[in-house]
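Dropping the structures in below, format is structure tokens.
Two complexes are shown next, each including chain A; its partner changes from chain B in the first to chain C in the second.
What follows is the complex of A and B.
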């Protein structure tokens, strides 16, 4: 008896340590130690104490979750991990619990990202509905101005963070390695690190609620961010730093994986378009995010060490912050856009049963966007008075981006043309994305053009424009991918009817809400305003009423995901008739993905061309992917 | 166009590649051009006709009724900006409709009820289409840039000699207006402007970034701490009451940082200056 309980106890200890439980436990201890130490050492500096608490939390969280175990085990031992240890790290035989550990398997990391993104979306959308509630009537009647500003800022940051990772995180980790025929990412342990850094940033961000929130909105403009009345700002800055490090690590990992881990025959000219979208996006992120980290480090130094990077009275400049921020901020929207556009292209080929119309044309479009988008950030500073002489060149570059974006539209329309269009939820989301993206793109012209931007800058028109691009286009692209790959990732089918209801509620609600806000913006309504002035009241009320449809769509999605996860139909290996490699492996995908690495001989879009089985992409896996007619609903 | 001639050397070194020796390059798959298929030409004609018809209707509607979407402006700058709005909107109608019509037509005409058992017709863009598309989008884009620069530089004319200078200072959370030519300051009160006289605003801030905006006059510029930004010369041309709003998030009471603007006749403006203790 004692022997059995002894065994049980060791298994329990082995299960809990290391895991997220021990991580959080140690993290809290570390936070307390850091906070107490620094508040004793440095008096009257709340910001220093807060930063110490956050630093303690992150460091001890990673000790607790076992991120440094490799240093003891292999670093000091001067040996490599054995195969068994690698399998152990990848979560072999650990059941569901592997999702709560420092697990290196790319599929586990992908699922962790997916669940995190969905939860962040949920909370972010709750913020959005609170904003719509406040703006439904003139006058600030539901929230105090300080609460409202915090809600706006939290909504913004939650959504920006989750849209940055929404495609590259879940699908870039789960699907991409299988798509290129790899057994895992290039650096599996860095992969786990990138996810858990994101995880560690979430409690830091939420802590802002307990220290008074922050007044700056998602942009965190200094010198407003330097004002010492708002300790919640420290949480914002620290969150951004941790998040940007996480994203940088993930980006390096994805780039390396695509460069060196492609299977035999997977040349650059045969890469699925999704892989192109993700790699271009993360390369762009690698150029953009360092300035984001730097800007937040500088704000924290202003706050903690009383430097004056952004305080004019001591020789600083708010323009410095604006430039650092938007040097990240505009490429960042393309970091979000590129993979979502690529998902849409990937989904479109499968559900029209056609090769991608102009594979290379679309790649050149995506590359063009990547290159041009590095130099457009100045259009956020048209009215700032900084470097007015450069307004012309910034305008030129901003409007040049419409040319490669036009190539994307040509390729998408061409792919739909004469296809066998199977209008499932993923395809509906692609269609919705194209409609919204046209509107978002065209309204961008008014903001890129100097004479009209002079009227619209900082107004509701801007808000509506970037919601059309980020939500209407890119989040729709994410949902296309979500409905497309859910059966592969989870092994269950989502209910098709509920999926379509989700789409239609979302699309109609979205169009109604943000078209109304375009109108309010044209009338001159300023952004970030809790107190809606009477001339804009009707448009705002209509927007808020339509937002109810979006809220309903969120709950339809939650219901659909939960019930399908619990008791949905079991999905087949090739759920939709896709030809990329992820559909050739069994569902659920086994550890290391492939028994034998496949050899690729052509693009994965050979629809409509009768190709002998020998030459198809799956020829050497011994796994045929015929188009079995299956009832979809 | 053979796919295998792009970068065969991938540098990938995966230890176990069982199929490596079988890696026969695929025979070149010729691009299937969109052939002169009868049903295709019929669909194509339909969709082009639909696009042209809808575009004409849309452009006419926007051209005639587009300006009713904008509030009436009370200055020369505002008027020219509203004209630019309508012009850009008319131009963007056919662009947007191109996507909407092709997408909508495809969704209705090529839709299949069940999971498709056969593939769609594989088409690829011809070089003529690629070059034509690039050419048209480039011309549209260049037009936008040239027109935008032209309209922008038209606004930045030198200030005439009778220009009124108003110094605007933002602080959390009110505006102060100084009239250095008259020795008058109106803190947190009203911005009074004489009608039909050019005015230029010198804008700065005491603490954080603010945004000085009067929608009806077409004025919008940031108020930077420690820097002075100067707007282009604006001539208010309609007597009436308007609003200054702050358009950069500046903290707690940002939503309340409004001031009234009064555009009035010369004589009312002069008597107001005197009533504030200024000199003419």
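What follows is the complex of A and C.
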């Protein structure tokens, strides 16, 4: 341990530079310089100019926000950063402003992710409601087909991006290091970098609205993506590249943290199930995302430099894109699923007051899903016209995933069995998740089977299936974690009644909307049709009416979060009587989490006590809070 | 503002710092190696499909082999020099042969310059066929890797020049991981381009 001297007083200039303000300022300047330079050098190539603008924005944004300061100091300064400077980087004494700087504290990064995810969800949901509005009656009502396609594409990408990071970002950063008994992530600067890369990608993505949108939907299929109909496709590709780099950095950081930073006694066999879910998810991401980056680099090269990776006339192939994309695209479903499933298991133990049933069995199930999921991408090419030799193995492999998924369900049922059910909002969301996941999983079997997929492919049945999987299952898992850890992360309690209203509106609205779309799909309604044909009008109208409930649930959530943040009850250190390490530290969590690192001697699920009274929650753990929480200012 | 949180800091033990540096760089290499595999698979796939017989049309230009051989030699020199430098400071016997590191770094920089020169003198004409597209991607991908190694080398050179890297440490070791990986990956991509040609 080293004595720390006084932190220097900061001036307004020091506060603003570097920060997000200087980042945006320099980013805009960089974008202008990049755009002007390339437009002068390369005439009549809007794609090249746009890519230069985006590159300038990202590069100069990171200079402005101070991302390179640490690198510069590491390599070219006379000395290493002092402990005071490290604390400064971690946001010590900077109050809420630390959320707007290149702050390295994992809790700050976790909160930045959480707010960003919620905002992305909000805008993604608005896109969904516009889609349902348009589809509520036959014919073009509000949007042209082109605008509709852009809305669908933006909704898809916003939701996919949000769901990929929704658990590993906020909870993986804020909760996971504390859960394993670490003071921070393994690479705090990379942690900040991963978040701010995500932040830098958002304006690029939104810029597509001003440069014509993109016609391909979220999959960005080439060769349609290669066609220079609008430069909006460049925004899509660049966003994906920046986002995938961000996710890769985050994955690398999380894996290293779990491998290296576990406290004494925290063996692999004692890791909370949530940690297992997150680490398996990010390992999967680390494996899957490189091919996605390369696919988007190729599309950009086709667009900017007139290469021909995907243009058949010049020897390219659309199948190449489909393989590269789905090699990421299918594992990505499990990148989303694994941590959400693990959240559900973590929450279930607390609110049934029981040890997790079949802890090792569940881990083997999650590992099984991880391994199998990188071998199934070919089932997305069943109807693409490619060689059929591998259809059988892909079909078999896809269906094999139901076995480890079944283990997860078995363990969840075992955990609930004869448990002391404490029906809080987190547990309601776990229940909803299990119901929706069963429907999403079983309908997936029909799409994994080649004969039925030939009929259902490209129809509304597919849309309903993956919404049941991604939203009904995984987003519900996220909300279980959100309501569970919100008091720890924010220091305030959410209103329990509003939380339950949110759940019921969401669940009923969700079931009504997407069961109707299953019906429409079975009737033969195709996806990607801006105008609903009359035979499917009733199912779509019912779906749109139920979507109103989902919309209402979003506003209940927003109201609950805002009012709880402003004037909610102050949360205790161990709000739910949890046994994992995050519940042993004070709320708000101090800068370095623990005064002395804990020593772990058993699994964190030794529940035998009844539902805890809130007042005695901290006494349960026997933990005394020796550190003062970080002061807000 | 006086000290705000608590008066003691907790530095990471050295063995943790070493383990995280190794793990971080190895994971980065793993991720990057998967990108390399994706490119190799893509090139091989397009070559095998040969859609409409247009993957590589007759009389299509192929990259000049001389600059490629030069880059390969420079990379081997760079790798060998880095290895000898690392070994000399690991042993800490006699003088540490810092010039070897400078040779390793300069060889990488020169290789980068030659690689960029190659990418501008491929002799392909737009719009490019699939073969040309793959070669362009391989060339640029290698350039980006060499650029990254050049930057890492510059930072390490800065530490040496400032007297902050006077003996062997895990920093030298893990930079070595990346150094050798870049060389192997670049040579692999070059050999692949020769096979496609």
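By our rule, the second predicted complex is superposed on the first by the 595 of 633 C-alpha atoms of A that agree within 3 Å, B and C clash if a C-alpha of one lies under 4 Å from a C-alpha of the other, contacts with A are read in each partner's own complex, and residues count from 1 in each chain.
Operating definition for what follows: contacts are C-beta pairs under 8 Å (C-beta built on N, C-alpha and C of every residue); 3 or more make two chains touch, one makes a residue touch a chain.
Note that the structure is a prediction, hence the values are computed from the model and not measured.
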| item | value |
| --- | --- |
| Touching partner for A:458 - first (chain B), second (chain C), both, neither | first |
| Partner chain(s) touched by A:146 [first = chain B, second = chain C, both, neither] | first |
| Partner chain(s) touched by A:189 [first = chain B, second = chain C, both, neither] | neither |
| Touched partner set for A:312, first chain B, second chain C, both or neither | both |
| First, second, both or neither for A:287, with chain B first and chain C second | second |
| First, second, both or neither for A:414, with chain B first and chain C second | first |
| Greater residue coverage of chain A in the superposed arrangement, chain B or chain C | B |
| Touched partner set for A:264, first chain B, second chain C, both or neither | first |
| Footprint overlap on chain A, where chain B in one structure and chain C in the other make contact | 259-261, 312-313, 317, 319, 627, 630-631 |
| Parts of chain C lying in touch with chain A, wherever the complex brings them together | 1-11, 16, 19-20, 23-24, 27-28, 30-32, 34-35, 37-39, 42, 45-46, 49-57, 126-134, 136-137, 154-156, 158-159, 162, 164 |
| Chain A contact footprint on chain B (complex, rising order) | 3-8, 10-14, 16-20, 22-27, 29, 32, 40, 43, 69-71, 77-78, 80-81, 84-85, 88, 92, 95-96, 98-100, 102-103, 106-107, 110-112, 114-125, 129-130, 133-134, 137-138, 140-141, 144-145, 147-149, 151-152, 155, 207-209, 211, 213, 215-216, 218, 220-222, 224-227, 229-230, 243, 245-256, 258 |
| Chain A - residues contacting chain B, complex | 140, 145-146, 148-149, 152, 182, 215-217, 219, 221, 223-224, 227, 259-270, 311-313, 317-319, 352-355, 357-358, 361, 383-386, 391-392, 395-396, 399-400, 402-403, 406-407, 409-411, 413-414, 416-423, 431, 434-435, 438-439, 442, 445-446, 448-452, 454-455, 457-459, 519, 522-524, 526-531, 533, 535, 577, 596-599, 601-603, 606-609, 611, 615, 619-620, 627, 629-632 |
| Chain A - residues contacting chain C, complex | 1-10, 71, 74-80, 83, 86-87, 92-93, 183, 186-187, 190, 248, 251-253, 255-256, 259-261, 286-287, 289-291, 293-295, 297-298, 301-302, 305-309, 312-317, 319-320, 323-324, 327, 590-592, 595, 627-628, 630-631 |
